[in-house]
Structure formats: C-alpha cells, structure tokens
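Right, I'll just put the structure down here and ask away after.
Should a chain be cited, it is by its letter among A, B and C, assigned in written order, with residues numbered from 1 in that chain.
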Amino acid sequence: MTLSGLLSQCLALVLALVLAPLLTGWVNQWRAWLQNRSGPGLLQPYRMLHKLFNKESVLAESASPFFRAAPYIIFGCMTLACAIIPMLSTDLPLSIAADAIALVGLFAVARVFLSLAAMDIGTSFGSLGARREMLVGFLAEPALLAVLFTASLIANSTALTTIVTSLAHREFAIYPSLAFAGIAFTFVSFAENARVPVDNPATHLELTMIHEALILEYSGRHLALIEWAASLKLFAYSCIGLAIFFPWGIAEAEAPLALIFAIPALVSKLAIGGFLLALIETLSAKMRIFRVPEFLASAFMLAVIGMLVHLLLGV
Amino acid sequence: MDPLFLVFVVPLLGGFVLAACGHRPYARDVNVVFSSGTLLAAVWLTVRVVAGGPMFALDQLFFIDPLNVFLVALTAFVGLTTAIFSRPYMRVEEDKGKMTPKRMRLYHSMYQFFSFTMLVALTTNNLGILWVAMEAATLTTVLLVSVYRTPASLEAAWKYFILCGVGIAQALFGTILLYMAAERVIPQGSDALLWTNLAAVKAHLDPTILSIAFVFLLLGYGTKVGLVPVHNWLPDAHAEGPTPISAVLSGLLLNVALYAVLRCKVLTDGALGPAFAGNLMLGFGLLSVVAAAFFLSRQRDVKRMFAYSSIEHMGLMTFAFGMGGPVANFAGLLHMTVHSLIKSAIFFAVGHATQKAGSQIMDDIRGLIKVSPTVGWGLMLGSLAILGMPPFGVFASEFLILTTAMRQEPWATPFLLLALGVAFAAVFGRVQPMVFGATELKPLAHPPALLPVFLHLGLGLMLGLYIPPYLSDWYQQAARLIGG
Amino acid sequence: MNALISQLVNLFAAVMLILAFAMLSQRRVITLIHLFAMQGLAVVGATTVVAYVTHQHHLYYSALLTLVLKVFLIPFLLHRVIDRLNVKWDIETLFNIPTQMIVGIGLVIFAFNVSLPIARFSETISRGTLGIALACLLLSFLMMITRAKAVPQVVGFLAMENALFFAATSATYGMPMVVELGIALDVLVGILIMGVFMFQIREQFESLDIRHLEKLKED
C-alpha cells in the first residue's frame, strides 16, 4: 500500500461522507426550482442530520436488538461501497477487497437488513414497505449486475478499478453496448434510490410509498444514519455511473497529483448529473406500483441486450 | 415480338384496360379475350421452347426452361378456363347483389394483374424479382378475396395479408442471405441474383449461409404453398373469396409458390448435397398431408374442405420433391399438373352448386344430381379424381409417389396411406349426399359454364391413361433440372 | 476517422434494436408511429453511413427512398388514418408486455446465434449488424402476432420492412436497384391497401379490434 494510495483512499471516503448530503440537497433544491418553489436551501440535509443526531431515539416496545443494529450495518455497507468505487482515483487500496459483483452484494446486504428491520417491529406499514422493497430489489439487482457485466466484458475484468482504467484509456470509440447499459443503469438508479418514476422521497402516501414505509419507525440518531446512508447510496450510484460512462478526469495510480484536478472534475460532473436527475424527476410522473416490475424488466432487458450486442459486435 | 415478353405483357395490358372498363357488361368477355391472348402467347412460347430450347429475354432478366415453361402453359390455360367459368358465375353474383359494377371492375382488373404477377414470378430469372412478384401476387389476391366486402371476407383477407406478409418477409430475408452467398462467388453484384448464374456456380456457394437461407426461403414461400403449420390463411381465403379466385388460388398460386421453393432447392442441393433441403421438405410435406387430412374430416363448409384438400396435395408434392430422384420429381410435376386441373374443375362445380343452394355449408347442399345433373356429375367425378381413383391422373402420380416412398422412405408410407384413407372417407362421405341427396331446389337463371369443368376432368383423365411423349419428355427434362 | 464512422453503423443498429423493443412495449398508437418514423431515420442514417464509407452510390438512392417513404410519407398517412378513425390511444395486446419482453430477449439471442456463423462470411463493414437486423425482424413478427388492433399490426408490418432493408444493407450493401424499387413499390401498395382495409373493417365491425375477426376458425 503506497502513501498516495492511502491518501486517495481516505480522501475519497471523507469526500463521500461530506458530499453525499450535499448532493441530495442539490437535487432537492433543483427540483424545487424546476417546480417554481423556492426550496429549502442546499444545506438542508446537513441541518436535518444535525437535528436528528441531537434528538432522542425512541424505540418501539417490540423492537429487538436487531432493529437497533440495522442502521449501523446499513450505514457501514454504504460507506464501504463508496470506498471501493473509483470516484477520484483508481489507486484504491480497499478496492482489492471487493469487485463489481461484491458491490452489488453490499447493496443487497443493506437492503436485506433494512427490510428485516422494518418487519421487526411488526407494523403493517413496515411489512408492506419491505415487500415492495424486495419486489424492486429482486428485479433491479440482476439488471445492475448485467450493466456491470457489460462494462466488465469490455474491460475483461470485474475489478472496478480495472474497468474504469481501461474505459478511461480506450481509444475514442462508439460502444452501442454501453449505450444500452447506460440507459438500463439510469432506470435501475431511479428504482434503487427511490426517485420519482418509482417512488417519491418527498411524500408519505401509504398507497405508493416504498422507502418511507421502511423507515417509519426510526427516529433520532438511527433515522439520521439511515438518511445519511440513503444519501450515500445516491452518491455511490452517481459515482458508479460517472466512473463507467464518463470516466474522464479520474486520477491514475501513477499520477497522484491528478487528484487535485479529479476533485473539481467529480464535483462538476455530479452537479450536472444531479441537475439532470432533478429534471427527469420533474418531467416524469410517478408510475403505479404495478408498473414498476415492467419498468425494471425493461431495464434488465436493455442491460442483457447490451451484453448480447457486445458479444455480437465485439465492441 | 418475343413470345416470352408477350406472355406477361398481355395480362398487364388487360389489367389496365379492365381497370378502365371492367364494370361494363362486356368486360366479362374482354377478360376472356385477354386470357385467351395470354394462352396463345404461352402456346407460342411453348412451341418455341420445344423447338429451340431455353431462352432469355430483357438482358437475362427473364428466362424460360423446361421447368417453368410447362407451368407457364398450365397457368395460362387454367387462367383462361377460369375466366370462362367466371362469366356466368359472376353474373349470378351480380344479380344477387353481392357484386356492384365498381367491384366488378376491381375484380376483372385484379384478375388480370394476378395472372401478370404469377407469370412474372414464373418467368423471371432474378430471385429478387421473383420475391417482388410473389408479394405483388399476394396484394392482388388480397383485394380479390375481400371483394365481397362481407365481414367474413374482410377477416379472411386481413388474415391472409398479415400471415403472408410475415411469411413472405422471411423469404426476403432468405433471398438476402442467398445474395450474400452469391456475391462472394459472382463478382458483378447486379447479376448475382440471376438464377442461371447461381445455378452455374451452385457448388461454390457457401453451405452455412445457404442452409440458413433455405430454411427462411422454405418457411417464407412455404407459407404461400400452404404448408402446415403456416397454412392458416389458406382455408379462409379460399372459403370467403369468389369461387373463381378459389380455383386460381388452389390451381395456380400454390404451384407458383412451390415452384419458387424448387428453384431455391436446386441451389441449396448444389451447395449442400440433396439431404438437407430434401429432408426439410419431406418433413413439412408429410406433416401437411397428415394434418390436412384430419382437418378435412371436420369441415362443414364445402370450399374450406377442398381448401384443406389443396393443403394435403401441396404437402404430397412437397414430399415428392423432398424425396428427389427422377421418379419422384416426375411424379411431383405430374401431380402439380393434374391437381391444378382437377382442383380448379372441382371449384367450378362447387361454385355452381353453392350458387344453386345459396349456401356453402355442405348440409344445405343436397341432390345436385336432380337440380343440375351435369354439375352433380362434375362434382362427383372431380372428387373421385382428386381422391386418387383410377383412371384419373392423380392416381398415376400418387401411385408413383407412394411406390417411390416405399422404396426410399419406407417409414413415411404408413402415414401417407393413413392420410389418404382419412381424406377419402371424409371427402367422399360429404360429397355423396351433396350429389345424391333429396332436395327441392330450382335450376339457376344462367346456364352454368360446364365446358371448363369437363375440359379439365378430360385432361386429368387423359393424363391418367396416357401421357403424350413430348409431355413426358418435358417432365423428365424438368425433373432432371430439379436434380433428378 | 473512417473507423469511427463505420462504428456509427453499429450505433444506428443498436438504436434500431432499442426502438424495436420500445415499439414492442409501447401502449399508445401515436407514440408507436413516432417510434416507427425514428426507426426509419435510424435505417436512413445507417444506410447513408455505409454509402459514404464504401462509395456505393446506389445506397444513397435507397436511403433517400427510405427517407421519403418511411420517415415522411407512411407516418403521415398513418397519422391521417388514426385521426380519421380516432384511435390514438390504447394498444391492446394479447399477452402482457413483460412476457413479450422476455420472449423478445429469447428471440434476440436466437437471432444472434443464427447470424454469428454467417456474418463472418460477409465482407461488408457492417456485417456484425446482420444479427441485429434479424433480431429486429423477429421482434416485429412478434409485434404483429401479439397485437389485437389493426394499426399496430400495420406498424409491425412496416417495422419488418425496415428490418429487412437494414439486413440487406448490412449483409450485402443492399439488393440490386431493380429489386429494391420493386420492394418499395410493394410496400407502398401494401400500405395503401391496408389503409383502405382499415376503413372497411371499421365500417363492418365498428371497431378496429382484430378480435372481432375471429369468426373464421376451426371448431
């Protein structure tokens, strides 16, 4: 482990933890502006986290220790996920620990714990949310895997750093398979991060809510951790997308100084991405929950076709 | 003027002339005149070919050889007799109010255009043009099938259009693959689809491409042949269109589609040896024969029943050509001829019978022998002939096919015999009461055109007893061409 | 530079495949027609690129023909038909759409498998796309078979023509001109006949639902 590697790893981790709520705030702010509202301000997520950490955490009588442990596990999973995604540099000592498949596994672990915790209390909303979450998950995960496989096929490796290095270094070429994978990835991201066509993070409407139903029973620091983890998840997904489809500006192992340029590059890419996310959310209508499987099946199909096209065309 | 040219220029001209005047009372006769013109041109062409051998026209775009010249003659002949039959038949339909002058114009014009497309398909040397002509034949017959504008006829025509559209698209994909294989062997691209050029280099065509191309071509043109399981359009189109159209569909269009398959088979055999294409055709042929025989026994509509009989016979021909070899090919070609003649004769008789009874349901048609003995006998004899009773020509060809099958594909013989037996029981059991049952119907206003019926039956009888030497010579040449 | 341009053919092919799936999953007639026009545009793009790279001038004419026919004329005619028949909205399918998607993936795998052994014999720059063309062809078959209304069936028929045209371009740089003209004529006549038919079906059944057309079947 080199010093520069250690440095870039720590920098990436700190940046993720700090910037993730900001990204959420940025998206929400743009959503408000696009809907002609004034919006809560960019720093609202930080204020929210601050408030929640200072509040007392109230537990239901029937809550088991598992219920208390889940937020920490979820938060840990998301932090680790952010640590292995090459967002700033491909020189990440931790990335040996997990490849693309393990990354999907990390998200799955978080999902399972969140759903189990929601059912732990035994309220009907919790079980309902858990069921919906698993419905989304079992369709979204294969699609995400297929997207990552397409990139892996191009790079001949499932290690995230290798994928990003080889994609960043390729000659400029048109990859139809990546176009398919990109669209599929966008679909999956919307579903996984509970954004508008699938779920609306701003409402608690019992007929449609998924994510909010899961965390209804949490309060105080537990809720803060889960909200923070949700922000980290959005951040992680954005970074995977940027790293695979727009890998320019990410520092290499041989050039530690490029980190200086990598940070503004990442921030500006995230800013644009966040704006586009808000734009799409504003333009689209929330779909009925029964349409969600169809939406995710299309994502899965696109990702599989991307893989097939890669195998057929060799690019 | 080149007769090869004339043979399809006449119906083309006829199509345009009748598009202008097809609604007038004399249009029926104009239709017959143009059909006779086509037949004359075809006869002239035949004489020229018999004397001078294969020939080309229009920069090799059209050609004639022993295989297609006999089909051209047959097509022109049946085209004429059907035109003669349709004179009184369509008059009755007009009197009944099923046809208006506007529809008559469409009918007459499309009848000629349909002949034109079939003759182009038969005489073209370019496999791309062959496809275009087959598609055009579909379009013209779609209009002919729907000419009554009844809900059932619209349904049949739509089904026909969609299913044949899908089928024919596969044939185009096959043609594209064929062109791709050809381009690797024949350098100048525009000539690479000419059948004669392809046949000259068929041994060098790539076997992998050809095998896939043939599967698509067989499925595609097979849809138009009416092979099971892509036959669904056929009974509906036959049952709901005017009877003259059923006659030409069964008697001619199916032959032309089978002809297209044969042309492609020759090329595939050259590249892959006879087993591949032959086995595919054997399978589809046998399936069609057996399936159609069992469908036959469940029909209530007389035209549907004979449509299924056409599927059965087309399956038998496909089976024969699939076996290959001089005898089977000879038998297949002979069967093609006699089936055309006799099946169209049956449809003529059925047409008159249904007009008398006012219904196509077999239970409503009774006692033809009393109402009109000639129609009754025509139907009876035609049915016996198509069921393979000696001494008609179908017996001769079916006998040849069966004996060859016993020698070459013994496993298939029991299925064939079973299917033929089931078909016999079904058709004969239905036709017998239709002809001899009790009835109170009155004779028709216009005398039926019986010349075509008995002319066809006579020819079918002749071919069963005696095949003229030049005709058998001709068949043998054609059989050799297909790879006998 | 040329390499990049020829990669554009692959991109257009991929777009065609996406659009084929989009058409399969589309529930609105009017969007379906827009998608069809876009697919036509993708074919025109691919053909033009191939023509430019290989200097096959007849392909420019084919591209122009496709542009006029399939991007402008036919969608315009279809728009008029659905305006007059007032059938802009719902498409009813005989199977639910996710099932069709799964079947669609199966067809794509089948098509790619069939075309892999033959594509390597082709000497064109776009040989890899033959599989995509076959996949689009099969997907439009699927669409024709599974739609319950007349207009989507017609669009399926036309999408099939697009796929065939694209197959010809990718396998052999297009068919001889005389054949291509013949095919174009057939398509045009076909669409006119279908248009007339739709009015007649409407008149007879007071609906364009093909399920009314099921009197003719085996008992």
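Everything that follows uses one rule, which is that contacts are C-beta pairs under 8 Å (C-beta built on N, C-alpha and C of every residue); 3 or more make two chains touch, one makes a residue touch a chain.
Bear in mind that the values here come from a model prediction, so they are computed numbers and not experimental data.
Chemist: By mean C-alpha position, what chain is farthest away from subunit A?
Modeler: Relative to subunit A, the chain with the farthest C-alpha centre is B.
Chemist: If you average the Cα atoms of each chain, whose average lands nearest the overall Cα average?
Modeler: C
Chemist: On a C-alpha centroid basis, what's the spacing between subunit A and subunit C, in Å?
Modeler: Distance between chain centres: 37 Å.
Chemist: From the C-alpha centre of subunit A to that of subunit B, how far is it in Å?
Modeler: From the centre of subunit A to the centre of subunit B is 65 Å.
Chemist: How many angstrom between the C-alpha centroids of subunit C and subunit B?
Modeler: 31
Chemist: Mind pulling up the subunit B residues that touch subunit C in the complex?
Modeler: 61, 126, 128-129, 131-132, 135-136, 139, 142-143, 146, 149-152, 154-159, 161-162, 165-166, 169, 172-173, 175-177, 179-181, 183-184, 189-190, 192-193, 206, 208-209, 212, 235-236, 239-240, 295, 298
Chemist: Hey, which residues of subunit C end up touching subunit B in the complex?
Modeler: Where subunit C meets subunit B, its residues are 114, 117-118, 121-123, 134, 137, 141, 144-145, 150, 153, 157, 160-161, 164, 167-168, 171-173, 175-179, 182-183, 185-186, 189-190, 193-194, 197, 200-201, 204-205, 210, 212-216, 218-219.
Chemist: In the complex of these two chains, what residues of subunit A are touching subunit C?
Modeler: Answer in residue numbers: 172-174, 176-177, 179-180, 183, 293-294, 297-298, 301-302, 304-305, 308-309, 311-315.
Chemist: Under the touch definition given earlier, write down the residues of subunit C that touch subunit A in their complex.
Modeler: Listed in rising order, the residues of subunit C that touch subunit A are 3-4, 7-8, 10-11, 13-15, 17-18, 21, 25, 97-98, 101-102, 104-105, 108-109, 112, 115-116, 128-129, 131-132.
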